[in-house]
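This is the structure, below, for whatever I ask next.
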Amino acid sequence: MCGILMAMTIRVGVAGCTGYAGGEALRLLLGHPEVEIGTLSAGASAGSTLGTQQPHLRPLADRRIAETSAAELATNDVVIMALPHATSGPIAAELPDDVAVIDCGADFRLADAEDWEKFYRTPHAGTWPYGLPELPGQREKLTGTRRVAVPGCYPTSVTLALLPGLVHGVIDGSDVVVVAASGPSGAGKAAKPHLLGAELMGSASAYGVGGVHRHVPEILQNFRTLGAVDPSVSFTPVLVPMPRGILATCTAPLAAEVDAAEVQRIWTETYADEPFITVLPPDQWPQTQYVTGANAAHIQVTVDTAAHRVVAVAAIDNLTKGTAGAAVQCLNLAMGLPETTGLPVVGVAP
Amino acid sequence: MCGILMAMTIRVGVAGCTGYAGGEALRLLLGHPEVEIGTLSAGASAGSTLGTQQPHLRPLADRRIAETSAAELATNDVVIMALPHATSGPIAAELPDDVAVIDCGADFRLADAEDWEKFYRTPHAGTWPYGLPELPGQREKLTGTRRVAVPGCYPTSVTLALLPGLVHGVIDGSDVVVVAASGPSGAGKAAKPHLLGAELMGSASAYGVGGVHRHVPEILQNFRTLGAVDPSVSFTPVLVPMPRGILATCTAPLAAEVDAAEVQRIWTETYADEPFITVLPPDQWPQTQYVTGANAAHIQVTVDTAAHRVVAVAAIDNLTKGTAGAAVQCLNLAMGLPETTGLPVVGVAP
Amino acid sequence: MCGILMAMTIRVGVAGCTGYAGGEALRLLLGHPEVEIGTLSAGASAGSTLGTQQPHLRPLADRRIAETSAAELATNDVVIMALPHATSGPIAAELPDDVAVIDCGADFRLADAEDWEKFYRTPHAGTWPYGLPELPGQREKLTGTRRVAVPGCYPTSVTLALLPGLVHGVIDGSDVVVVAASGPSGAGKAAKPHLLGAELMGSASAYGVGGVHRHVPEILQNFRTLGAVDPSVSFTPVLVPMPRGILATCTAPLAAEVDAAEVQRIWTETYADEPFITVLPPDQWPQTQYVTGANAAHIQVTVDTAAHRVVAVAAIDNLTKGTAGAAVQCLNLAMGLPETTGLPVVGVAP
Amino acid sequence: MCGILMAMTIRVGVAGCTGYAGGEALRLLLGHPEVEIGTLSAGASAGSTLGTQQPHLRPLADRRIAETSAAELATNDVVIMALPHATSGPIAAELPDDVAVIDCGADFRLADAEDWEKFYRTPHAGTWPYGLPELPGQREKLTGTRRVAVPGCYPTSVTLALLPGLVHGVIDGSDVVVVAASGPSGAGKAAKPHLLGAELMGSASAYGVGGVHRHVPEILQNFRTLGAVDPSVSFTPVLVPMPRGILATCTAPLAAEVDAAEVQRIWTETYADEPFITVLPPDQWPQTQYVTGANAAHIQVTVDTAAHRVVAVAAIDNLTKGTAGAAVQCLNLAMGLPETTGLPVVGVAP
């Protein structure tokens, strides 16, 4: 039996191995029992060894980084793409159909080409199965697939926070307000002055305010998937001084006369069988520290009776459940493995 | 003329001098040209010198701390009270009427005794002039007064963010949603496990969710003052890893068909003469670093057309414009000094 | 063979399960393939469920916490003790000899009773095999043992940084100087004002300066073990704003005319077979982020020719290789398992 | 008298107004009673307004930024230069002799051209009076001067920490060891990947290890000024997650048989008349939070009897006493004003 398992070892390449998402994917893959790590590729860093770029990935320190190209990547069973937006499309197009491509970028997330072009200002590359297995019916669509569009980190947190309420009709999706505190690793490793440590430590700031953030159409698409008719979201991301993590505070008008106990029951029951989602016990509110490095979402929900709104808060690690952990979760589904294989659910706290 | 000014030097005592609010008041008073620092009082630390409690206040390091009592405090022209809630009332009651009492606590903020008792579960102490001079007509009420209730830090940030919209009728106060990121100094210096550095660094967490935070009735009271009929606010405070600062993201439904340029114009004009409020130029969003240690609020506003909401973001330092700076601003008004005397408006950034 | 392995599952209890060290031990044990988690015990929190105390340990959320007592703990094959200093001795004394006791506290680390009493001011409990397998010959002493004294976090970092130099006689142990930056989780979860987030964020501070820190005699004991005659260390811990991690900068006079390349060669060769120690390639210096949550030490070394000193820098996670990871490493040795079983070596970066 | 003072108002220009040092200089100058702010100049940002670059400097928000050139700067009484190393020399050479030039860069700090060329690899520009008035006899040299080389931030902290011991012959300067924790603002605002917030938050790292940091020759030069013969320093800077601040832990062998009380007496007496230096009371150790934004150094010292070393710890704000505050202090001396004019000594804590 061991021999059979070894024969089944899945070779996984990572394109964009020097960035934060690529590094997190490799960290998880190093702990994955059914995977061997294949091609490591990057852009400007091609030719150097991974140890100079990702000093924490000791077991891969001496691995040489290849140039990101379809030729290099086609030797793998699975390719996780952690590339800048609008760059994964052309490479994916050249990869054989039987190579599973799991794209952490935005290129294939949106079904609506007009939405894509409005927010990204490049031609729409297409639409792939959306890598959020917790959406109703989505797990089935991801099983055995060879193309996955991993969700954005903010849409994951917001969608998971509100999903039970939309599915069960207790919230109204037409006036959702979300403010999501986030660490800067989601913005990547490219050096920009406003992302300097001196700028961010000791400070909080909003950005992409007023409906202009690129994750807005993706959030609305998910709300529609969950049954919202003509959904609306006021979404404000707030950069705060922590390297990782998203805490999404999401409110929506009540669509039914439910109280706190009832929404907690609905949320808890909805996620009862989800291995990566925890609705916390009443009175415990999510903290990002508790999901650091884990493919987990912690959620709590209550009713603000006076404001006639549900308030749901979700904590995820933007690099894990928000990106690379979700990619591995989808890899498991795509390759017919148990969905939880190799994925930590316990955060590194404090 | 100098002689006359010296004769007018105002003796200011600080009750609760060992806490964060008391320390910030003293930092500001040390830079105030018309003030001499009088009684320093505290509870458990009485008898020690201030240098052991507030090492940054070097010029006062050798000053002995008295017990907080009306007898000790009555020797001052002004008393700034930075005490736990529900403790300033009894002391204030014993102070002479001509001593100006500026209370940083909540005791005298609320006009509605029922609101007070519901949120604080102690008897209502009364209502004093509310120390937010930027409210229409309020500056006049504070001039020469001998009793001031300094606003809470969250209500200050939220009220200032939305004031122009309420006053000018372009937002609807009946469905306001606020999420405010804050550092932990607002919670004071009492040692509690959930406020430990190891817990807070690297983590964001919501608390007081669902309308239960004590600042909710104060926010609603201010909205009513600004003309809102039957206001509502969904308010969620989020603790983030920075010692000081509040970034309040506030959204309200549009009550008029205005666009981003128009709301920016309204906000800018409303605050044109306010010395401590800056509506930033378009495209610049507030960051808490820029108001650290300053009696300043930075504000930006836009319209989310798709969500049919105004989004206004305000940054303040919770200890300065949020507490002790506001106290000094009110002291200036109460004592007939120019309102800006001794108050820094430039933050210590980065 | 699988059946045999299952029959060998080791039941591990954790005393002090609600603290940071206990929590980290449980995080690691949850990923350990040969372990089932037995008794969870604590002091004041006994009777509650673990989920209320350690929200990240989801798989154990519903486990009830027992009182810490020998009777409760005796049902386990191994007990990891993560208790305040001077409290593990009495309990350990009552546990059966065949229960492996792995003490994360200081009680049994020092061989010299006088040292113990001078620094801890309680009677000396005894001396157990010292849980630093990287010390020459120590691995053998730990194999199969039923009592282990896990090293202090600072001594681990300092000893690993300088070990190759002492063993190979290229540094002089009689005038070592160490300054170690550390996050506050090493100080535990007890609420003390100087450990509040508002105090620590944005600030660095030295403590225990001048040879008074309790880890000094342990460091010197290790230096003697490594061959130093009459060793001396000036040791200063510095608290910095990160939840976890120690970065120890260690300098010692040169005892031989070696250059940077030579010391790097010696350090690298000394640790060539150590699974948890990495001497980084030249020009890469350790960062604590790269060992967060990993049972790993990253080390770099050079020669300051002008100062005639070697400078070695070690990064560890104080809770992992510095405490709970070392405990599991020793558990593996004690129970005859491969030393690396269940221990992550890849940090959660950034 | 007021009229006379107004006539004496000093016009101060700042070259490099968009960086951290330039911004801090402007923050202090805005609070300086004898100064009006003259030319603001920069490189790439010339032509924009200051508000877009330094949002905290509200009173200067609309000021247009000029190109850095001698022609633009010559209109000022004083020019504070906050430019990259090796760029201030050529501009200074073209400025009239009666314009006071206060250079925050390194160009004119070193007396030894060989040292300069070894560490900076450009030709030596010359040597100006060194802007550390606390050095014996230095205050006099700075009074009325028209050229000042402001010290580096690390040399300031180290020199102030050890000065009393060197002057009084109680420490031996031939084997000093310093490890200095610092925030990243000292590295400036240029975007480099290793200075990203995601890299720095939650992590500590050493850099410039082994005697290669450019501040080493400046530290040694100061030690010689203080009487050390053939001094040596092992200097290691450590980047830690706080925006501002340096905590320098400095140890030196005892040169006399003194105890802790005696060194504390010597340090305290040495600095008794220094307005910006505080030797803390016994048992209080410096914390960077207490000097944030202040032109102040907090120092504590003790003896490690077993290690036969003095340990002195100094906390400064690298941007204030470490750079821009020192520049203003020197401006005061150069222009014949009281040395303390316009300089805050109280930090913004917490």
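Letters are used for the chains, namely A, B, C and D, taken in the order the chains are written, and counting of residues starts over at 1 for each.
Definition applied: contacts are C-beta pairs under 8 Å (C-beta built on N, C-alpha and C of every residue); 3 or more make two chains touch, one makes a residue touch a chain.
As the structure is a prediction and not an experimental result, all values here were calculated from the model.
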item	value
Chains touching both chain B and chain D, listed by label	A, C
Centroid comparison with chain A (C-alpha atoms), farthest chain	D
Distance between chain centroids, defined by C-alpha means - chain C, chain D (Å)	38
Chain centre separation (chain A, chain C; CA means) in Å	34
Approximate Å spacing (C-alpha centroids) for the pair chain B, chain C	45
Residue numbers of chain A (touch at least two other chains)	20, 185, 198-199, 201-203, 241-244, 287, 289-290, 292, 349-350
Residue numbers on chain B that touch chain C, as the complex places them	20, 183-185, 187, 189-193, 195-203, 241-244
Parts of chain A lying in touch with chain B, wherever the complex brings them together	175, 177, 179, 181, 198-199, 201-207, 209-211, 216, 232-234, 236, 238, 240-245, 247, 249, 251, 253, 260, 285-290, 292, 300, 302-309, 311, 313, 315, 349-350
Chain C-touching residues of chain A, taken from the complex the two chains share	20, 23, 27, 30-31, 51-52, 54-59, 185, 201-202, 243-244, 278, 280-281, 284, 287, 289-294, 296, 298, 344-350
